[in-house]
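Below are structures written as structure tokens.
Next come two complexes built around chain A: one with chain B, the other with chain C.
Right after this comes the complex of A and B.
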């Protein structure tokens, strides 16, 4: 536990006071761990959800756009509290690590062991490299504007290359039923999902594919633009929620 | 130099575990253990009976294995709410003006434990069983709002974290001077906002009944849940309120070894 240096002459506690402060730190750590697994995961699952659940949803158009745009929200809000008040440059990494823990547990025990989806079909994507860079940019720049522009852009632009080593193999073309499709598509056709029929799948809609192999980078740059705005918006949302007001009545 | 009686007393207190400021540590750990057993028990129950008896809500076995579980949950939730909230209210501190600083410090740590237990329940409701709901909808035809996963997620997990959030709010309100004098906005946001997730179940089920039978998780029909969970960010404000007061209290405390 530490106070904001700007409002207090910093003098480290010793003895019992230090032990109390440390005990409080550990309690907050446990609290934060479950808070962000629970809350960020629910927010993420109900907005990015399907693009993250299913390997055949991981396309070049929506997946690299939607995931960082939604993924930068909680990291920005938590950075606004942890960096501004405690000088802890780990808000983004904390949120994204918590999200990874939550998604991995769910994919293994809820999808694979309960309903027998192959784990390769439901692998979660990762935003850890993006989050590490976002935290590093904030720490080095100590600036909301710089972090929003460069950190937010990096958060989006790093997403696709970070995930390509995990998911590239599922984009290998195969021929089945006289059609050419990807291994990921095969998963989708072979494992029937009663709640997610093929007509609902949102991948590569529109004319973006006419740009051929630059479709994914274009989506990533679009995502970078929105991420700079989302970062700023969610920084202020985080600050607003971190109010210390007491009310007379509710 | 000889060891004095006073020094022996201090040394004895130092070795005592848990120390005075973590007096509720074992209760806190017990709460985690009990909740873990309950939630993992639900998951094991689902693994054992969901496929065999939970796919068709018109089967008699569905009534036996799932609707009875729902009835049991509702009774348990009502009973637990009365006991927990009643105990916190009736054992409230009526002399908060005379609270010793050391006792106030201890209570701040206990409040953090309460909020921590609340967030543990949020984990099971918001993370594990929420995603599991998507998984179950992919293998079962939606023929009832009371599916084998909804019965646990919506009618036990959601009420449970709300009750535990209410416990944290009541604990603060009845045992800590600052929270008794004024109503903490961030604590209230962090408890009331996620409560709205339970209310969103109504919209969700209405929408799935009349509008959208599939389970597209990112669909707008689910965004009520999303907005509710944003309020969990109020924990940042609770942290700032707690840290500020703890620093005041610790600064006023005499240094001890």
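Right after this comes the complex of A and C.
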């Protein structure tokens, strides 16, 4: 490929060239799938960790704050590469879909079959609605700043409400041991985790009490603010790591 | 000339070739040897059954939670059957300075995953669900009700998770769960009166919502992946054909996503809020349960430790104890327990306390003066707790600890079988010869 073909002289690939270019697409897609399933899932498991693993960690304070802040990292970096070089607005959805695949594999095989936990106790959260909106904002705005501010905020703000249909039912109260628990707390009590005593849960801790019992919206807006910064940071990390110099030699 | 050169080359090649062959043969032999060792190792592999009960430093095991009288209601039962573990523990007064105080402790059960579920738990007769603050010097009894979930042969311990300190194991037991895993049921009644199956509750709903969003996400990905991607788009972008890469239809779909997804999210959120109006936040309180009236150091028999020596060659701890019998009957020292190891005095009939798999040194306890201590008498006794268990249970590592103090419980018995328990503690002086 010539370095900078002008619009007038541009000729699309046809025949064998087109077929090879398409084969290259599939090759990269398959590699990307495995790469993101592995790397994003590992990154997520090491950072969000227990907040995403266990149903009795998904509180209204830390879970909606921590998960989007960590969850926006890879989507921002991959968007930077795919949008800047290819105008492909699918980086966030691709990353989050890969994360979902990796998470479900781990929950079924590692947590359920290997460690005997019921799958409903380790249901993962979803960030796909947030990712779709993030991709749409980038495509429509073609702007890092707009995507960071509005897309990043939307990514965080949509997280809690999009997961409530999955986890709301685990917050139904139960009376047990002369106290009130949620169904989720009952899972934590009944299904024994030797390395996870109740006091280790980081839920409802801290000084986020200014607005009384509305901790979730406050956490979500805090998360939105941090997500705008994280998005920008990881966009630049993505650009820094990625290169298209091999494409220029084709 | 050419023939000579050829011969030289051939000779040189042979000269190189022969050692390589020799090296290959040698390497093959080594590989074969290593393979044999590995095979022998694989054949003799045994499953690991430990839980790290000896892993914690001896002074933590001996001077934090001092377990005794641990009992299992049964050790062979079926899936869905209940098994109850009961016992007592004393929280050492001489709590190590390097271990955070037990302001948050969780009475747990060491299992290889949830092969049993915990249905009830009591401390001093009170049910509790969360962590609890323990008081050094306090006495507690506990009861945990478990229910068989997965058939198998398991080594189970009650133990305490101590915040920022680690796990202090109680005596373990082998449990055999028979039956069929598929028969396990676990129904819980919600506060609304609805009976839910904890094994499947919310699973279908979770899969539905994940699938719903996965479908939309996949559709978005396929919308783009169906077209030529990387090389073709890169070339077009470089050629200034950016407008052809994102078409008006793409933009319209983007606008639908931008508006439609948040609308859907909030519609589904509102539906769920209306469906579960009584949802509450996760609960995270710390239970407050006061200790029992004193069971250890109850004021009847007073014990003061004057000196403790550990004789390394003999694997024997010698403790000089000043004992005052405040009871109205003669008493004899029958047992010393520390770090879940029990040293028994053969001369004193000790009632069987436990069917848990205690590590016992029967006859491991001896006194310089075995005569009963009479009512009102004060006597200094040299107690020797000697057994290889000091080493095999890794309690002799005390001499390498930064805090080399010992702690434990001594048990006295009167002729009518009444038991008096005292805690002892002292710095340990090692004797190397």
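One rule holds in what follows: the second predicted complex is superposed on the first by the 226 of 250 C-alpha atoms of A that agree within 3 Å, B and C clash if a C-alpha of one lies under 4 Å from a C-alpha of the other, contacts with A are read in each partner's own complex, and residues count from 1 in each chain.
Methods note: contacts are C-beta pairs under 8 Å (C-beta built on N, C-alpha and C of every residue); 3 or more make two chains touch, one makes a residue touch a chain.
Note that the structure is predicted; figures quoted are calculated from it, not measured.
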Touching partner for A:78 - first (chain B), second (chain C), both, neither: first
Which of chain B and chain C A:117 touches, first, second, both or neither: both
Contacts of A:21 with chain B and chain C, given as first, second, both or neither: both
Which superposed partner A:197 touches (first chain B, second chain C, both, neither): both
Contacts of A:106 with chain B and chain C, given as first, second, both or neither: first
Contacts of A:244 with chain B and chain C, given as first, second, both or neither: both
First, second, both or neither for A:13, with chain B first and chain C second: both
Dominant contact partner of chain A by residue count, chain C or chain B: C
Common interface positions of chain A, toward chain B and toward chain C: 1, 3, 13, 21, 24, 28, 85, 115, 117, 193-194, 197, 200, 244, 247, 250
Touch list for chain B against partner chain A, complex: 19, 21-22, 43, 46-47, 50, 105, 108-109, 112-113, 115-116, 119-120, 122-132, 134-142, 178-179, 181-186, 188-189, 194, 197, 214-218, 222-223, 225-226, 229-237, 239-244, 246-247, 250, 253, 255-257
Parts of chain C lying in touch with chain A, wherever the complex brings them together: 51, 104-106, 108-111, 113-121, 126-131, 149-150, 159, 161, 163, 167, 186, 188-192, 194, 196, 198-203, 205-206, 209-210, 213-214, 216-218, 220-221, 224-225, 228-242, 245-246, 250-251, 254-255, 257-258, 261-262, 264-266, 268-269, 271-273, 275-276, 278-287
In the complex, chain A residues that touch chain B: 1, 3, 8, 13-17, 19-21, 23-24, 27-28, 30-32, 34-35, 37-39, 41-43, 45-51, 53, 66, 74, 77-78, 80-81, 85, 102-103, 105-107, 109-111, 113-115, 117, 193-197, 200, 237-238, 241-250
Touching residues (chain side chain A, partner chain C) in the complex: 1, 3-7, 10, 12-13, 18, 21-22, 24-25, 28-29, 56-60, 85-90, 93-94, 96-97, 100, 104, 115-120, 123-124, 126, 128-129, 131-133, 135-137, 139-140, 154, 158, 161-162, 164-187, 189-194, 197-201, 203-205, 213, 215, 244, 247, 250
